[in-house]
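By letter and in written order, the chains are A, B, C and D; residue numbering begins at 1 in each of them.
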């Protein structure tokens, strides 16, 4: 057990060091910021899908809610950015509580149900009827608090916390319990696990991560429209990165993000339609030949994957 | 205004039923959610567009050709990939991701081949007369589209209830194991169902320029979600329940447009969400879930 | 679990993969990098375009217009820069943001931090421009903004932006509103889409009408994704309007006009935005007969200014552009080219290549330069106020349509 | 209700739509006692276990465990009180290791029980402790189910078809284990098709048919009962 924790810690340290040091080697901080956003979101998806089996197509709903709650706390309540980001996380948890009946659905029903929920939040936030509150379709402008350095550091802290949480879950009884619930809720109940409670905790945790990440994103990008933060591609990227790397591990989403997002930046920028094509083909290959992601290559050889 | 809204809702609803029915057939037979449904519909739409623009073919004719081609393509996709998917540990989830991959590929190829510019077919391609129904004027394209939708749906009914392979299809929908044990070739039935499912999507596609406005390579994703709401409202796995789902969807969105247009887009998602929460089996469905 | 050397090695290999994947992504994105020395051999212009997604249809022509201008400059040996008293060749660096504003943010940053561009030009429209505004301000880069007309981009505290082509969207309906009032239209229907561009126009329009004591008989917003208009058109008809104003994107204008035409409804005045910008595409999709008689904001090339004092005139541009690109220019080609002309003039007047010098230079000819796109005039906040949008009626001429400016 | 009864069922009714799976079942069970539940398919044996374990809520009647009413308790709550079970089709956590399966139950049930290593030894899975549970064969998975149930420290154990698919020598071993558990004070309710197996364990059997008890006593007497015979011959 202790050794497993050590492997997790190595991944943690490498990731955090990379994001701390890379901007001084290569000054496009934004590239690394986006990478961190996707990494944290991928880990959020990992907690939910990897450990409980719920595939959240509408994960971006929490991201957008966090972004908006953070932005509105700053513009309307004049709260400084960092506490505002925490409010963003809380707002997503509140949304998670409102949407918790979704957890009664399984498989594809949940996936599509969460998608519908996120679209609903988007249409409500961007509706002109709420213009006085959300600024409706006009979007958000946070130029007055724009500090890319500070928001970058905040994002590193968030990634560190998220990685820490995932390492904890991966190595704790809580994580085992979640996997047990995913495998067989009845047996899990018989084993004394409060199925509904534990599942809800994973759901809220995952919602909070997306909310906080959304908040930091809002601060960093500072001018955005509802379409920017409720873009379904954000969910899809996070999900594909997670699946590609391999769920239920700390390393999987990290690998998935670095490889695919790296790949995206290599060919995606100049020839995106070819990228989308290759992306699609990669997904088919993954599903047909490597359904448990890249880490299964290591697992098959009998290695422990943190 | 009320009469107009109701009749438009019914006409639009018939089209919506056609839009969802293929997705539901595939779900019913294979328990797969075809996330590329909207993209096959988009291909159908572009097929009709090119047929009309280059050869002057009526969309109604394009529809017939596309149905035949798509049945073949669907069966091909089935035999190439699905047996392998079914052997995996979690076929339901993997199929979801698989069809997402297919959707990405289709969209990418469509952008490369067709470019991004929105296209549309002039409405007079389906007739330019103005029909009088209950003292209200409706453009012919809507009436004709609704009529074609109704005919195609009727054919689906005939297929399911009055042909031998249709009986087998319904048996597989009931239970794959029992169907297999009573000597039905489940793979063959499923492959045909896949073909018909995609064919129905492309059939709806040929009519979509008249009901959904201009067509683009990226139109598919929204359509998949909308179709999914339609079939859930009706009843998942019961293709004819889709007719009810389509009509309810069509009517409610037309009512929203008439009376509270600014919130019209919430309709499909709100309906989907409510039905999922309170009656996951759909309005016509029997309770299927226990735990 | 025993720790064998093999295990340790595999652990190291893992971190190696991570590190190399990360550097890979970085290096690749930097491939087009170049440094800008004090006496530059070339001037680097950076921009973004969208080859796919919802803005591709407008972004690609804008990019083509800018590219056309760059090629023209380089064919004549480069752009003249006053500070160095000589012509310097131009280099255009462009990335594809696929209509995603998050991708765009990273790429704007890439242009500034890695390509070290001298001049930053934003992508088409408000959504893709929005994320560039704070990034440009942070890096103290002047953002040349061809068509991002969001009101909120322009403020007294931010000197690093200049809108080259269109007025901010809130200003657009000024002439339209005056025209409606002059013509004594009392029953006016307004339907607009829920986005910054359309809603700010609707707000300005209804406010102006209010000062003339006109309340629209129908005034509703619809989601931007609306593609199905028969019932909406019917609802508008039942409010019995004389004038119908639809404010949307091309994907809204097309089905709206189709529905109006199919419903057989006749209004004294029917106004939409995009026939004036993308006429040939609208003709293809809606049909000449259905468009004839409707009103729009005409823009170049439909609108030809005869008092051009800088750059090519409309006819010369249309000929040269068609020759180079095998297609006739539309408004966004003109807007891209016009952004180039503004840059050209700014370089010709500047005392140095610093961003604030460039900005100062813009104001030396603001209000004096007349291009094929109209008068270039900046407000103190960098918003465009020279170009105004007249109102025109589309009238049939032969097999096609031409514009007949009704006001001013 | 006798004071030493650990489990009491009072006229339990469970209905699925029109179908009465349990139609007024009453029974009592004491600590250390083994009670066999037999009957043809669909007679309500498994439903009975599901109701006691808290998987189904009864529509009528009451359940008492150690003197307190547990009619509306959830699965988890019952597990925490000391009721546990195995399944006819084993349901271990397949992607977890054998040991992790027990660690979970140990951690979440929070009840006293023998050390996990002893439990593994007891069911004979010690050598497979670090294997994924999904890789075990079906009878090993059944034993794992049993070990997991024991790791929750139950006072009442509901065993659903443990013997199916075992060879005679394995049967003897399992019977020994069940007897050992009963001797340690655990009340055991045994659903079983193999009458010989039951007969070797207990003299107290309840025969069910169509959701009702039709006989209570030992198996030899049962064999002479005409109603029991009718059920078995007829079904």
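Just so it is clear, a contact is a pair of C-beta atoms (placed from the backbone, for glycine too) under 8 Å apart; a residue touches a chain by one contact, two chains touch by 3 or more.
Only a predicted model underlies this, so the values are computations on that prediction, with no experimental measurement involved.
K.L.:
Going by the stated contact rule, which chains contact chain A and chain D alike?
P.N.:
Per touch definition, common to chain A and chain D: zero chains.
K.L.:
Give me the chains shared as neighbours by chain B and chain D.
P.N.:
Shared contacts of chain B and chain D: A.
K.L.:
Higher C-beta contact count, B-C or A-C?
P.N.:
A-C
K.L.:
Looking at CA centres, what chain is most distant from chain B?
P.N.:
D
K.L.:
Measure off the straight-line distance from the CA centroid of chain C to the CA centroid of chain D, and report it in whole Å.
P.N.:
Distance between chain centres: 73 Å.
K.L.:
What is the distance, in whole Å, between the centres of chain B and chain C, each centre taken as the mean of its C-alpha atoms?
P.N.:
Here chain B and chain C have centroids separated by 37 Å.
K.L.:
Please compute the C-alpha centroid of chain A, do the same for chain B, then give the distance between them in whole Å.
P.N.:
Spacing between the chain centres: roughly 32 Å.
K.L.:
Identify all positions of chain B at which a residue touches two or more other chains, and write them in rising order.
P.N.:
111, 262, 265
K.L.:
Check each residue of chain D and list the ones that touch at least two other chains.
P.N.:
none
K.L.:
Name the residues of chain C that each touch 2 or more other chains.
P.N.:
Chain C, residues with two or more chain partners: 51-52, 194, 221, 223.
K.L.:
Edges wherever two chains touch, nodes for the chains themselves; is that graph a line, a ring, a star, complete, or other here?
P.N.:
other
K.L.:
Each pair of chains that touch: what are they?
P.N.:
A-B, A-C, A-D, B-C
K.L.:
Of all residues in chain D, which touch chain A in the complex?
P.N.:
53-55, 74-76, 79-80, 84-85, 87, 91-96, 100-101, 103-105, 107-110, 145, 148-149, 151-152
K.L.:
Touching chain B in the complex: which residues of chain C?
P.N.:
51-54, 56-57, 60, 191, 194, 220-223, 225-232, 234-235, 238, 250-251, 254-255, 258, 261-264, 281, 285-287
K.L.:
Where on chain A does chain D make contact in their complex?
P.N.:
173, 176-177, 179-180, 183-184, 186-195, 248
K.L.:
Considering only the defined contacts, which chain C positions touch chain A in the complex?
P.N.:
1, 3, 7, 10-11, 14-15, 17-19, 21-22, 24-26, 28-30, 51-52, 95-96, 98, 100-102, 105-110, 113-114, 126-127, 130-131, 133-135, 137-138, 150, 152-153, 155, 157-158, 194-196, 199-200, 221, 223-224
K.L.:
Please output the residues of chain A touching chain B within their complex, sorted ascending.
P.N.:
Answer in residue numbers: 53, 55, 101-102, 104-109, 111-113, 115-117, 119-120, 123-124, 127-129, 185-186, 232, 236, 243, 273-277, 279-284, 286-288, 291.
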